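Input: structures, listed below.
You will see chain A twice below: alongside chain B first, and alongside chain C after that.
Then we have the complex of A and B:
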């Protein structure tokens, strides 16, 4: 059945131009699906009125899960009855967003039958977004998805669906197996992912190298970013080839090194690896000649978030270097100590990063039993207001803490 | 007998979705080369090659379109494809023989090829008026207009470095735009209009008060009903109160619009990651084509492209020349709104005589 589409003169203007048109996508779906047809009409109205028409979500979901479905109702249900409820389902994507056409077609078939026929490939956190269906279709959709082994992702105050770069599947810079690690963490924390029990959301993102293609340092509470400890691997013949092909190694590579730890004499490239900051620039520019070292692992950083509530944060270093080997027990133990503390002491809607700002990194480290190291700060404190916790009294035993042996 | 209900089985394991050339060379990739815009080859230690063609996709994708992608992947890629962290679709092949016919088919479908290397990749964005209750602007529409205008920079590699654009339709930033070369951020500018008739039924008053980061909300009795009042001069339009209480709506056609933030980055290459900083405090919502936004962004892209050194991202360039110079060069008027007045604002004041004239 092909529906007659509503008149949408404003949206029609977005069918022109070279960039793929989302209006064409909605129209394609709307020809077959009355939900998408109503969505088109409601969006046209928003374009005229310059305001959205979606109400706050109610609590909807599938049995036994507390997250993964975003409830949505429009504020004009009598005029747009087919989308009076229009809930979104977040479906946990496979690591690295790789698919077979067989798997994608099965998802499409389910969504053709159960929902609007519209998706996001993918949402900002990384899930497959099935955009819009009615309350009575949520449980059947989940049941259909279970038959093809796709599970629901996170929403609300839980572990959000972890995501990762394509890592060792297609990148020579992957310093650990991001896709397997992302899968292992996702499987280890299914309960935390599906049943919100935290003060607020908690995101993991796994990047294979400091280029950070999944923006983990900006967007995840725990950022696991691949790095290496030994020397950059160098292929001298390939360097000569880059030079012979016209690359200006001094201006393109050496002058852009933030550590100023490289020299080029026209023939030989020297790297003083003890000062290398693992920024990736030289490796990015000469991928045939330079590669990360062989002693690989990850830097673990904590606390990134967008502005709501207390301001945006980037993640900061928690563990400068750790080998990334399954089953990642040391990391998972630490994650659980962090969650225990944050669940006990964190305020509602307070992300881990904000919690650390409030209690102080020093106190936070003590509570999670991690020793402070200089890599955790950009520089030591500039103010002299130090909170010493103990002091000596006259007559204290000389062997008390703080006494030097000499 | 009822079927046992499965839960908590997690995502399917990725391995079943990998093409054979990836399975065989997993972790063995040696180097890659960008062959031309939107096309790259990865070469393995074993000598195997993996060709990738990257095409623009709109994020909002119909099942009809996904099936068209699948048809192409079946025809040219042995039934395998992937998506990127910026909503692009990628086709993966173990030989170069199908690259050109695939590109021709993608172009016929209306999907430009590009977004690799020194180019503008697709805009990470949010739901906007399509599906969000707190949007201050549309997302897909603004993205469509900006990318239509900048399409040459997606399809070619003629920029000094990478340029990453992101859009979030409100300060909640589902698009986490705060570390982008150019961030388009929907903003509200009118304090919440309190629905006193319903607030006491819908919301917990202590939670509403506590939600405000500037303590602008306090309990009040209005027309005999328990409600709240907002000290309007303290409201910075974050909408956190609306998130916890539907009776505090912020959206307002006369006052909502778009702000532009620049100079952020996520990668550690050269300079450490940086937040984006405010360039243009407010541009109007002017659907369907948002001309003020597309013009402002084109001007920023072209100013950077004309003046940055090779590899220099937007923020690295501005840090080198200094923000006052940037404002002079761009013609953007520096206003009170550009000066931070939230936490740690003092750290953003200029604390030296390192100035250009």
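Then we have the complex of A and C:
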């Protein structure tokens, strides 16, 4: 059985394109693993019938943890007995996704023995995703992984496995040590990661600079993005070299600056740093000549989410600039205040970004004891969130609610 | 009088048991209820400890149906043998 693959004419077509194909991978696994073999057969059937055959499970997990295992069963267990159960396990990845080949081999060995052998390195969550195992293999997998120092990640209404860009390990643009910070936050919030106690999920993602390689601004409730507050560092000789080598500095650099704060007269490049938006464009184009300033830290943004219950949101600025130094006490204290408020007042399945939209940024800021600042305003005069209390006389509450006599 | 973890766990267990079949309770529901019941004799930390004890002992389990809940262990509808 193990060596004869099911006939899958429709899936086979997916192998003919230019892209790497998951069908090829599942077939490879299916030679050894009956779960993968049944998976191929069932998927082919779904393609033919245009019907999905998976049920969601809500209760499987490992003892003591409330997250990290996503239950799946198929609704034709007699016909596809090897994938009657097909649970996914999320495993906390190392910061920046650095592994030794030895560690990877060990993870794969465990999963070939305990599950389908199929992995997804890495999920959009950032974790290692181990696809497909049965309920009775969950605890043994957990303990096998613990022996090689891997732990389960988050799922459900908890802190999701934090993730970060490779930061200072490989990238000269990193404005703080993302890998250290991601690790420290992961360790500090082990309880919140394994024991869901929020209205819904909460994600942290750490990017070392505004290029935001982990897309934290779109994918995390709290996005911590490296930046600088002094002047872009400039190497005049290197600029001249770019120009001499034919770079059109005016059209490729200056004209694309979103702040329109650069000038190039054919000899000298000027940047009016007080208007610079730290977008990274000029630095990305002339990496040898320009680099982030020396006074480095991060901007903290809050509230991104993908469209599940409601529409998508990007994070918006909460703290324009903060120095990123362990043990990050100021940030963690603020995080606690945000969680306390959101747990107290948030509705079920309401992400923190939606919560802010519902209660209003002004009320939210007041409750978490953060002063409103101009950087929080995304669109001047269109943004109804920020109220400056001192503008209102005592007893003016109704106006504050409606604001309709503006 | 400050409450012990055991007392809180017991009270939470009773809530979960009484709600079984009627309403799924979230950890925040339990914590809020304990604060209402015992006022300043409890805090969030104590309540979280109590939930941890209930789950670690297998008396209750975490479940996931769109959000996370605390329930009595049971065989779920979707499960295959």
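Heads up, the rule we're going with is that the second predicted complex is superposed on the first by the 376 of 406 C-alpha atoms of A that agree within 3 Å, B and C clash if a C-alpha of one lies under 4 Å from a C-alpha of the other, contacts with A are read in each partner's own complex, and residues count from 1 in each chain.
Going forward, contacts are C-beta pairs under 8 Å (C-beta built on N, C-alpha and C of every residue); 3 or more make two chains touch, one makes a residue touch a chain.
Nothing here was measured: the structure is a model prediction, and the numbers come from that model.
J.: Overlaying the two complexes on chain A, which is it for chain B and chain C: clash or fit?
T.: Pair status: fit.
J.: Taking the superposition as given, does A:67 touch the first partner, chain B, the second, chain C, both, or neither?
T.: After superposition on chain A, A:67 lies in contact with chain C alone.
J.: Have a look at where A:39 lands relative to chain B and chain C in the superposition and call it first, second, both or neither.
T.: Once the two structures are laid over each other on A, A:39 reaches chain B alone.
J.: Between chain B (first) and chain C (second), which does A:210 come into contact with in this model arrangement: first, second, both, or neither?
T.: So A:210 only meets chain B here.
J.: Which partner does A:198 contact after superposing on A: first (chain B), second (chain C), both, neither?
T.: second
J.: Report for A:343: first if it touches chain B alone, second if chain C alone, otherwise both or neither.
T.: second
J.: With the two structures laid over each other on chain A, which partner does A:183 touch: chain B (first), chain C (second), both, or neither?
T.: First partner only, chain B.
J.: May I ask you to decide whether A:56 touches chain B, chain C, both, or neither, giving the answer as first, second, both or neither?
T.: Both chain B and chain C are touched by A:56.
J.: I'd like to know which partner A:156 touches here: chain B for first, chain C for second, both or neither.
T.: second
J.: Just chain B (first), just chain C (second), both, or neither: which does A:166 touch?
T.: In the superposition, A:166 contacts chain B only.
J.: Enter the shortest inter-chain Cα distance between chain B and chain C once the structures share a common frame, rounded to whole Å.
T.: 5
J.: Pick out the shared contact residues on chain A: the ones touching chain B in one complex and chain C in the other.
T.: Residues 55-57, 63-65, 191, 348-349, which sit in both footprints.
J.: Which stretch or stretches of chain C touch chain A in the complex?
T.: For this pair, the touching residues of chain C are 26-28, 31-32, 44, 48, 51-52, 55-56, 58, 61-68, 71, 74, 76, 78-81.
J.: In the complex formed with chain A, which residues of chain B make contact?
T.: Interface residues on chain B, with respect to chain A: 5-14, 16-18, 22, 26-27, 29-33, 42, 50, 52, 56-67, 69-71, 73-74, 79-85, 87, 89, 92, 110-112, 124-135, 138, 140-141, 143-145, 147-148, 151, 154, 168, 171-179, 207, 210-211, 213, 238, 240, 243-244, 246, 251-253, 256, 264, 266-271, 273, 275, 285, 287-289, 310-311, 342-344.
J.: Chain B touches which residues of chain A in the complex?
T.: 10-11, 13-14, 16-26, 28-29, 32, 36, 39, 43, 46-47, 49-57, 63-65, 72, 86, 88, 92-105, 107-108, 111-112, 117-124, 126, 131-132, 143, 146, 149-151, 163, 165-166, 168-172, 174, 177, 179, 183, 186-187, 190-191, 194, 210-215, 217-219, 225, 251-252, 256, 258, 277-281, 284-285, 287-288, 291, 306-312, 314, 348-349
J.: Write out the stretch or stretches of chain A touching chain C in their complex.
T.: 55-59, 61, 63-67, 70-71, 73-74, 77, 84-85, 135, 155-158, 191, 195-200, 340, 343-344, 348-349
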